[in-house]
Amino acid sequence: MLLTPEQENEINALRKAAKPSLRDVSPGLEDMLYKPIPVLDHGFVRVIDYMGTDAAIVQAARVSYGAGTKKVNEDAGLINYLLRHRHTTPFEMCEIKFHIKLPIFIARQWIRHRTANVNEYSGRYSIMDKEFYVPAPDQLAAQSKSNRQGRGDVLEGAQAARVLQILKENSVKSYAEYEEMMNCNEEGKIFDEGKDGLARELARMNLPVNFYTQWYWKIDLHNLLHFLSLRADSHAQYEIRVYAEAMLDVLKAWVPITYKAFMDYRMGGTSLSAKGLAIVKRMIAGENVTQEDSGMSKGEWRELMQSLDLEEVRKIEVA
Amino acid sequence: MLLTPEQENEINALRKAAKPSLRDVSPGLEDMLYKPIPVLDHGFVRVIDYMGTDAAIVQAARVSYGAGTKKVNEDAGLINYLLRHRHTTPFEMCEIKFHIKLPIFIARQWIRHRTANVNEYSGRYSIMDKEFYVPAPDQLAAQSKSNRQGRGDVLEGAQAARVLQILKENSVKSYAEYEEMMNCNEEGKIFDEGKDGLARELARMNLPVNFYTQWYWKIDLHNLLHFLSLRADSHAQYEIRVYAEAMLDVLKAWVPITYKAFMDYRMGGTSLSAKGLAIVKRMIAGENVTQEDSGMSKGEWRELMQSLDLEEVRKIEVA
Amino acid sequence: MLLTPEQENEINALRKAAKPSLRDVSPGLEDMLYKPIPVLDHGFVRVIDYMGTDAAIVQAARVSYGAGTKKVNEDAGLINYLLRHRHTTPFEMCEIKFHIKLPIFIARQWIRHRTANVNEYSGRYSIMDKEFYVPAPDQLAAQSKSNRQGRGDVLEGAQAARVLQILKENSVKSYAEYEEMMNCNEEGKIFDEGKDGLARELARMNLPVNFYTQWYWKIDLHNLLHFLSLRADSHAQYEIRVYAEAMLDVLKAWVPITYKAFMDYRMGGTSLSAKGLAIVKRMIAGENVTQEDSGMSKGEWRELMQSLDLEEVRKIEVA
Amino acid sequence: MLLTPEQENEINALRKAAKPSLRDVSPGLEDMLYKPIPVLDHGFVRVIDYMGTDAAIVQAARVSYGAGTKKVNEDAGLINYLLRHRHTTPFEMCEIKFHIKLPIFIARQWIRHRTANVNEYSGRYSIMDKEFYVPAPDQLAAQSKSNRQGRGDVLEGAQAARVLQILKENSVKSYAEYEEMMNCNEEGKIFDEGKDGLARELARMNLPVNFYTQWYWKIDLHNLLHFLSLRADSHAQYEIRVYAEAMLDVLKAWVPITYKAFMDYRMGGTSLSAKGLAIVKRMIAGENVTQEDSGMSKGEWRELMQSLDLEEVRKIEVA
């Protein structure tokens, strides 16, 4: 169940209650406001509130640069310039607040981004929901052999079935024991009135990290872009990347000019080291550079070739 | 001049352009939006945008505490509880953005509050405005004799006149030299087309710190309360306190329940050390405690007596 | 096992390798450096590095206040003054780095303190250790009936035994399944060479939050004091409080003057609201104040009476 | 005067007082400890304390990645990898504390880097020093005509002389008035015992922003690298760049491996946008790309050509 009926009703009521405001409004984001975007098997991302639009970034830059920005007539040109030159403070002038439901092991990665405000559901105070994540069969990846932090081929057949069985049964059993120790069920209904239950803050320790938690997460646009550049990246764990991808859709609706600049300057771009830049210059000048005469280690060279889409070619040349 | 005619027109246009939004709206703050509140001789504070109301604090607290908060029916009760027990994260769920015009020496104090987003007018990029702060005659305070960081009696007569003369003439002269070095005036009009002007980023160094700068300043409600508790305090320098006081009016209009709780639990309250608490307990029990048998230093004892309004009494007793 | 033999050897080697340094040295903390302080059943806290001592706080304050502080001859007097008046920046000039081993559910509370640097053991990259927390029998507390976030009486007999059985068996079983899914054991020894193992980043989701993780945690002294004031408090969950208490011992060895001031002004003290202060003044003046004429809610009144140790008395008066 | 005789003596005493410590020691930085590196006409940078060395970065990374990092035998390889892949948290495990003397207008730029701890000399509390910055003749740059934020040719002859005259005379006069208003001189000697002086917190507003202030500034290595990448950059204002350059020397002595990686991956490198990367790929494949068919604006194209050292060539081609 993505949302409780109570939550559904609340959202419907909120979506009917437009009020006049003198503030800057993002039409694209108003369309999405409060509505959950499903992620994984039981998770979601939804926008609860926001401040500012592309116009707020331009406005803040013009405070900094004064009359000097008047000649940049076009907002897109200015936003492109700011993002290209890492003038990040104007992007901090926009803010967004999400309600997110996510597995605990993903919440643990996510919270490492410190520059955000968080209110998380408390397992000390309240009973945890009986909802847990089990990967879809096409996500049951084996450990990568080349990359300690990556995934390899998808497991299949009996082995895949066994993994799913373990994850599901362990989740169900752990939660039943959680209820038993607390002497009450998910809704707080007491099993045995003659007995005390273990404190919630202790009983919860029996639950595995694939259980869902939820939080309000509020962040400024600059820090959101930084989060997305790391978590929508192909090296991020799949289970957090799908949240970042849902948030890219939010970004596109909210601040379309910034979204476009971000996809060009951050997501689709690359960084060159001093050595990498020197190699690129030599290649443009027509020189045939090899790893041996590049000054780079093998690993670094491979990464550079990948970023320049030269891997195949080089393999052939080597062969 | 508080605002340029251009800015006045922009504000008038914005204040006529109410748009429907599904977001939470603060009616009190909508009334103030964009309008400058004058501070000092040329400064102002005005609200540019905001996110959330008292309801957003309650909502965030309920995400954390889940069903557990249902029994607290009243929002005010919950907000009081949160503030009393320093559960600060729900207050971080509200955000506000100000446009502030202030003297540089106040900006230097202000910026020490790090947990905010800032876009300041750039003296590298643009020509500084010809506006400077000169204290009103009733603020020409002498150096305090007892407190190295405080003000004493107000200077009067010839001495006061001389101070005002110095400050005004120095400001006017410094700015004229600033223009001369740049070879252009405030509006950028070049004096001598045959000459280059000194770079703006260098010429500005001739201006004293009573010149005005301006910035956009965006902060969450928790950190705003912290800022106000320090800067609306009687020990803060007068020239920053008047900004904090203007912002207290904004706070009252924006989040009236939080404002009331803040005035009770923070602004009007006090902290007792372990020693101070022990002394208060003895006094309540009817004991006549003196500094000598208090375990406190003289300075600490005096501060405690002041906070308990017992100074006068004690003085009489001593006499 | 608190430490691996490898870690023990490393610590012994480090503790024999004193090197000359021109930096400020804390003799008390040098005695503790690198040595683990056991916490809970498998956890520990140990200091890895530090910067500054009480003298560094005094030195930083003197940079701010210049010649003005010369008359405060005594370091303790200055540190007391700074802490009493919440002049917090000089305390930020000291820094400490801990190595901490702690259960995941405690790590989740801990990480909410954002103003620290963290490097945590990665369950994506490496195999999690087979170590989990099981409470000591005297900590098997029932859910408090009056405080949704607190603990009540300790469970006993068959019920306690059952809780311990569940926690232990669930931990052992979850880890065995973790190994089975990865197709390798704790040391990375592969079970079936003919099969791939599930990616570590997925398999770990089967582990409950009572498993131990570890991290390096670096923080400045001001933020450490804030952390300790919240987590060494009697309202903190027992399992994090014991870490905070171990760190209070570290604080005492590291910066003994600050420790003493902290225990007086923060840990042992209390805050009074405007209403609370008014009531205390009336009580000191000899008035018999009751909740009804206090202007306070019942909850707030009860908290005030507790902080003033007047609860018993008032109960009798009411009776 | 770079340092007072009192400060000189203190430094000499500290540099003779080596003490044994079990902590990690950086021999290169010990050689520099406490000694001022002169910057501009009266400023300096000196290191007061530090925590960690290159080894601490490696150690922290190994906590995160566990046994997984054992195969990377070489510290330099690991540090290169971390910096290349923006794994920034291990660099946060090192900390450094500087004492810096700098003009106020540079302090205003500097303080915008928020992730640092600061104790600044207080002009409310103490009398400001009579020291101000006047640029060397070769730094009297004209306003750039192409870049609103940059410098052009150096002013010469009578115009240069006039600028220097203005800056010096204005500084001397402003300080004399500052003393007159306070009714005391730099050392606090009162001029007229029969009169009060204006409060220091007011009198200071007469001083221009080329006066020197000083502060303790403490920052972790990751944030220091970020600061240096922006402020040692050729686009930074000269007067802050010289401080950054002095700090690069400190970096080299403190963490030589990190310094080398930083110069390769950050200072000497460049970023390519998605469009930029596509153009580079086409150029490497031998295609003759022009701005017109690049998809880039003229400004963006010019920046790309500059970073690839292709500007001259293209100019010729255009001609």
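Lettered A, B, C and D in written order, each chain numbered from 1.
Definition applied: a contact is a pair of C-beta atoms (placed from the backbone, for glycine too) under 8 Å apart; a residue touches a chain by one contact, two chains touch by 3 or more.
What you see is a predicted model, and the numbers here were worked out from it, not measured in a lab.
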**Complete:** Listing by label each chain that touches subunit A and subunit D gives B, C
**Item:** Pair with more cross-chain C-beta pairs in contact, given A-C and B-C
**Value:** A-C
**Between subunit C and subunit A, distance of the C-alpha-averaged centres to the nearest whole Å** = 29
**Prompt:** Cα centroid separation between subunit A and subunit B, in whole Å?
**Reply:** 36
**Complete:** Cα centre of subunit B to Cα centre of subunit C, whole Å, reads 33
**Message:** Touching at least two other chains at once: which residues of subunit A meet that condition?
**Reply:** 65, 68, 89, 112, 118, 122, 125-126, 148
**Fill in**
Seen from subunit A, its contact residues with subunit C in the complex are 103-105, 107-108, 111-112, 114-115, 118, 122-126, 133, 135, 139-144, 148-153, 155, 159, 162-163, 166-167, 170, 173-174, 177, 180-182, 195-202, 204-210, 237
**Message:** Please output the residues of subunit A touching subunit B within their complex, sorted ascending.
**Reply:** 14-15, 17-25, 30, 33-34, 48-52, 56, 59-61, 63-68, 89-90, 92-93, 95, 97, 99, 117-122, 125-127, 188, 214-216, 218, 220
**Item:** Residues of subunit A that touch subunit D when the two form their complex
**Value:** 65, 68, 77, 80-81, 84, 86, 89, 112, 148, 230, 263-265, 267-277, 280-281, 283-284, 286, 297, 299-300, 303, 307-310
